[in-house]
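Shared between the two complexes below is chain A, which has chain B as its partner in the first and chain C in the second.
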Partner chain A sequence: MKALAARRHHRSAPVVLLLLALLVTGGVYAVLAPSQARADTASTQDIETGKKLFQANCATCHGLDAQGTETAPSLIGVGAASVDFQVSTGRMPAEINGPQAQVKPRQFDDDETAALAAYVASLGAGPAIPTDEQVDPAKGNPATGADIFRTNCAMCHNAVGAGGALSEGKYAPSLFKTSPRNIYQAMLTGPQSMPVFNDANITPDEKRDVIAYLVAQRDGSPGGATLGSLGAVSEGIWAWIVGIGLLVGAAVWIGAKSS
Partner chain B sequence: MTTTLNPEPTTLVGKSADYLDQRTGVGHAVKEFARKIFPDHWSFLLGEVALYSFVVLLITGTFLTMFFVPSMSLSVYDGHPETMNGLLMSDAFKSTLHISFDVRGGLLMRQIHHWAALVFVASLVTHMMRVFFTGAFRKPRELNWLVGFSLMVLSLLAGFTGYSLPDDVLSGNGIAIANGVVKSIPIIGSYMSYFIFGGEFPGDQIIPRLFTLHILLIPAIILALIGLHLMFVVVHKHTQYPGGGRKEMNVVGYPVFPVYAAKAGGFFFVVFAVLTLMGATMTINAIWNYGPFDPSPVSAGAQPDWYMLFLEGSLRLMPGQAEFVSWGDYTWSLNVLVPAVVVPGILFTFLALYPFIEAKVKGDTEEHHLLDRPRNVPTRTGLGVAFLTAFVVLAFAGSNDLIATHFRLSINEITWIFRVLIFVGPWFAFWVTRRICLGLQRKDRELVLHGHETGRIVRFASGEYIEVHRPLDEQERWVRVSYTANKPLELPAPTGPKGTKDRKYKSAKRWARLSRFFYEDRVEPVTPAELSAAHSHGEHDALPGGEEHAAVTSVHSTDAGERAH
Partner chain C sequence: MSESKTDVTVHPDAEHPEKFSDPGLPSHRPRQADIDPKADKRAERQVVVLFLLSVIGTIVALWAYFAVRPDGTTGGVRTSTLTLGIAIFFALAGIGIGAIHWAKTLMNDHEMVEERHQARTTGETREIAVKKLQDGIKDSGIGRRGVLKGVVVSALALFPLTIAVPLISSVGGDWDVSKFRDTLWKKGTRLTYDPTGRPIKASDVTLGSAVHVIPEVTEEYRTTDEWITEKAKAVVLMVRLDPRDLNPPAKQAGWDYDGIVAFSKICTHVGCPVALYEQQTHHLLCPCHQSTFDVAHGAKVVFGPAKRPLPQLPITVDADGYLVARDGFDEPVGPSYWERLK
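Showing the complex of A and B:
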């Protein structure tokens, strides 16, 4: 202990302590952080299964016959696309009250999701789940998509879809990891705060162009690290941390060399 | 004899130097400058970082002008990247895409240029902080502070004009805000806007005009002012931190040649290297993401570069209700005028005038070449931190949407928090900083009087415990006692015919009040008398066992240079 006591006042002691504290905190978090749990139940694709799943998991808020309650809207006529979007991204079933439903590990597998979608679609006509061809980014034109995205989407989702803030804690999510099918469905059904972009407003081909533009963003930036594609604020932070950080470090080094 | 005193130069360098010297007399200036002494401290290199990033800006900027077309005429683009192919765009935007995707090394140059701009302003501001907090702006350097202040304002203008040149959606939004700010100026606003844009915003004039400002006028003025700035540094001699042997009359350090020339020259390449590293690895201002300018779309997360972020924040914080229509159907846009003109006006005026205000409240006419330790001028340090707090709060307010999305908060609540913080924050920061400074000064006093704690506890036969303290060495003590704790100005008795109602007296009274604010709370440095009193052990000697103390003292002062307190 004497050796420790002697080094207590060493000038790098605070730095070492801080690093240790960070390491311990990180380690404890890594051990204790909740891991993802996945439901894995048997499934069939028919409407009856969907109805049972609905009544067990969704009816508390949406009503026994999906007619809606004070807390959640009616689902009659929202269509399969809407159900597939909400359930396959894990937004529904919602777990907590909040400004808007969060993306989280999905609770139903593909078959169960399809059954739920089939059930809700059977209640009233609505947008169907798009086909693979409709959402294939390779078939879209990213330049047209960029133009459409800028005029219709960028004001909430940021210029390349990095996401943005809305009022009172609501937000437009980042689209960097959203699947092409979910992007299409979101435009078609207008989930949460998002407006509906129906096929008269943005045609199916144009929707595919938008998907092509968004998917093209995932190839990275020709300029190097994207810094989150967040624009000038993140650039400013990096200029201070990397630029001024390195240069002040160099200045300290140069200043210390001869004195 | 003459050959030994003035030998003919034999080397090529020597001959060329001699040739030049015989025709220009430059040798005298070189000798003078090469022997100039500069003190060594890392914080004295911050201004150099700014200078070197400016040189990098000139080099990369020259490259960019070779390819940039400052024109707003529209045509359809055919080329890289795919997402811009076939869009209608201005030649300015088109040539920026050309630089980024077709010109060899063009994107690297663009990115180095932009990173260098951010680092230029950042290092300039850091340098300004160093000068402010150490009091390097005091007589005789007040005018050089003003030159530096002008350089700071010009760097903001250079940044803004350059940022706007590519004519993309993001920078177009910035110009739109500038247009709004100009229009908010009462009476002349709308005329000014037409004057600047050559008609209705955005028109087709603004990019060529900004280009001329950006590559000709502003850099020329900056260069001239840098020359003046450095000339002043040579004329005034460099300031130095307090320490043994460093006086108001001398400069302790190394001559420019060879030590400083090598250091400074090498540092230029370090700066260039860091900026190149940033330009090579990190995307900046990806204009191909934003697309060609169109006045209608504004994307989420649209912000200016960091040095303009405080203006953006100021605008975001201002409630919109401040706009009203007066008699004569005239609209007063105070919702824009106050945050975009009045707030920065107050901040910048404070910065520009501070040296003069401080000299006046101190009643100070002396020259100062020794720097202050920030703790020894608690009010100035507090005011500086308060200013920075205001700036940072505004910058954060300008990023409120990103704070909201990244920390899952409500943007409305954040905005309200910042509305409160912009008033409370600087005041609180001032108070805390000043208390910390006074506390550090008291700690210094304590340290000078009683020495370092060594952690060694000695028990005497009488049962008394003392901790052995090691006295400060001469250098340590010098740094802690060689300052003046300024006192508030004395208010002279009224002499005018009107007594206390006299205008001059009233003004003196106001200054005296301000002076009290600055200097009423102060910690005096330790005097030699106090020091020797502390070292004579005071009441310890009177206690029984005084001889034992003396024994411990003498043992340690001979053994390990330690002395009991």
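Showing the complex of A and C:
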């Protein structure tokens, strides 16, 4: 203790303290953060189970028969793809009101999600969940995918899928961690602010090409740090503050007299 | 020179002696290395370490060049570039920082004044130069030979035109502003998907869809340079709304087809592509300056610096059910220019 007290005026003390504070905050968050919710019910995957789950978890907003209310849209005819996208990414059930539903730890496991999807699909015809082959990035052509992505998606999701801002707090999320299946479902169903890109607009093969392009972007840049792929703003901040700051520091050091 | 030498003596008869006197150089302060042999040794060791760091950097760079080859994958190229870059950084920074540290800590740091030599040459040198020039003029006979004088002046005066004319005439490129007025859209032009060029069936445009549209052209035309400029003017964003949500201005009533509306994608502010469509609010957002247009109300401006709504493309379907333009745009697309309404 005495040694610590003696060094509290050391010039690197603030840096050490700051690092310690960051470590403690991070550690406490890691312990207390909500972990992935795991329900252990053995679901039978049939429509009846889905209906029960729906009435217990979704009906408050979407209505007892999924007919929609003032606060939430009707789910008749949205299809299994829509339910799987919203529930498997944790966007639904929504926790709070806000500009848009956030990605969060999912509330239902695969079986329950499948049951919910089966129930909603039984209410009216809609897009089905794509097969594994339809979303396999290895089978797509990233070059064609880049063409499609540039024209239809890059204006909101950024040229490499890093995401971007929309109006009034809404935003297009980053696609770096989105699963191929969820990317396909999003194009097919147009969740929230996103418009629908049906199979006539972007064919199933082209959708797979887009997935191949997006997965290819996850290797990062051959040049080194991408700085979030956000373009001129983050690169400019880096160059002006870090780069020129270092140059100014070097000039001051060269000009200063040695002690 | 001696007359510009700093005068540091104080004149007691001057009016404001302390205010204007030159303080001169501060007194010399010895460094640690000057007075303490241990510090001197330490500084020397530091310089040695810095130069050794440079040697190690060079060796690592050479090793990395042969051992860490880019293997064709993105990650491989990154590792190779990064290793080489860091090693070369140490190789160069070691020399640079070492040299400066050496100069700052070990070399003599006594302040000294070194006077500049006078810029003006002596009178003798000047006379020789003037004489040489006069001899040359006399030798060339430019005073006697009037024609020669004339052609030399003409040739020198005309030559800059070879640079100036192409430079000035290429400023601004094409001055024909009437080209801005018309796009490829005409009565009956089919709407096609961008970039594939497939024609669009009205029944394929489902509710909530956003489709990026280009006019139908021949395959040959697509390979020309003109296509790029024309496409840049003709791009259209098409969405399908519930017809009950549509509330266009009177002029544009009936320009939709069963809730399908098509608007120019070129912002009326400074011409960025307005393509961020929010399905739930029917708002179209321009990424450059956040101009926001309401598609349900004839793309009127609801936010941002744009002053005019986006021009609407009137559409209908042909006999086969494909979407076609009912007419071209009724106004020039994109930002304002002087001759816009002529």
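Rule of thumb we're sticking to: the second predicted complex is superposed on the first by the 214 of 259 C-alpha atoms of A that agree within 3 Å, B and C clash if a C-alpha of one lies under 4 Å from a C-alpha of the other, contacts with A are read in each partner's own complex, and residues count from 1 in each chain.
By definition in this document, contacts are C-beta pairs under 8 Å (C-beta built on N, C-alpha and C of every residue); 3 or more make two chains touch, one makes a residue touch a chain.
Quick caveat, the model's predicted, so the values are computed rather than measured.
K.L.:
Please tell me, clash or fit, for chain B and chain C sharing chain A in the overlay.
P.N.:
clash
K.L.:
Where does A:V233 make contact in the superposed view: on chain B (first), on chain C (second), on both, or on neither?
P.N.:
A:V233 contacts chain B only, not chain C.
K.L.:
First (chain B), second (chain C), both or neither: which does A:I254 touch?
P.N.:
both
K.L.:
Kindly classify A:P142 by the partners it touches after superposition: chain B alone (first), chain C alone (second), both, or neither?
P.N.:
Only chain B; A:P142 stays clear of chain C.
K.L.:
Answer with first, second, both or neither: which of chain B and chain C does A:T151 touch in the superposed model?
P.N.:
Both: A:T151 reaches chain B and chain C.
K.L.:
Kindly classify A:G163 by the partners it touches after superposition: chain B alone (first), chain C alone (second), both, or neither?
P.N.:
first
K.L.:
Should A:G223 be classified as contacting the first partner (chain B), the second (chain C), both, or neither?
P.N.:
Both chain B and chain C are touched by A:G223.
K.L.:
In the overlay, answer first, second, both or neither for which of chain B and chain C A:Q107 touches.
P.N.:
Neither partner.
K.L.:
First (chain B), second (chain C), both or neither: which does A:Q192 touch?
P.N.:
After superposition on chain A, A:Q192 lies in contact with chain C alone.
K.L.:
Tell me which partner A:S74 touches in the superposition: chain B (first), chain C (second), both or neither.
P.N.:
After superposition on chain A, A:S74 lies in contact with neither partner.
K.L.:
Of chain B and chain C, which one contacts the greater number of residues in chain A?
P.N.:
B
K.L.:
To test your reading of the overlay: chain B has the stretches 79-87, 205-213, 313-321 or 439-447, and exactly one clashes with chain C. Name it.
P.N.:
For chain B, the clashing option is 313-321.
K.L.:
Considering only the contact definition stated at the top, list the common interface residues of chain A for chain B and chain C.
P.N.:
In chain A, residues 147, 151, 155-156, 164, 166-167, 172, 221-224, 253-254, 257-259 are touched by chain B and also by chain C.
K.L.:
Under the definition above, what is the set of chain A residues touching chain B in their complex?
P.N.:
Touch residues, chain A against chain B: 5, 99, 142-147, 150-151, 154-160, 162-169, 171-172, 213, 216-217, 221-227, 229-240, 242-244, 246-248, 250-259.
K.L.:
Give every residue of chain B touching chain A within the complex, in rising order.
P.N.:
Those in contact with chain A are residues 40-46, 48-49, 81-87, 100-101, 107, 111, 114-115, 118-119, 122-123, 126, 169-170, 254, 259, 263, 266-267, 270-271, 274-275, 278, 280-286, 288-291, 294, 296-307, 309, 398-402, 404-405, 408-413, 455.
K.L.:
Using the touch definition up top, name the residues of chain C that touch chain A in the complex.
P.N.:
Residues of chain C touching chain A: 29, 31-33, 73-75, 77-78, 81-82, 85, 100, 104-105, 109, 193-196, 200-201, 204-212, 239, 273, 275-281, 283, 285, 287, 290, 292, 303.
K.L.:
Give the list of chain A residues in touch with chain C in this complex.
P.N.:
147-148, 151-152, 155-156, 164, 166-167, 170, 172, 190, 192-198, 200-201, 206, 219-224, 253-254, 257-259
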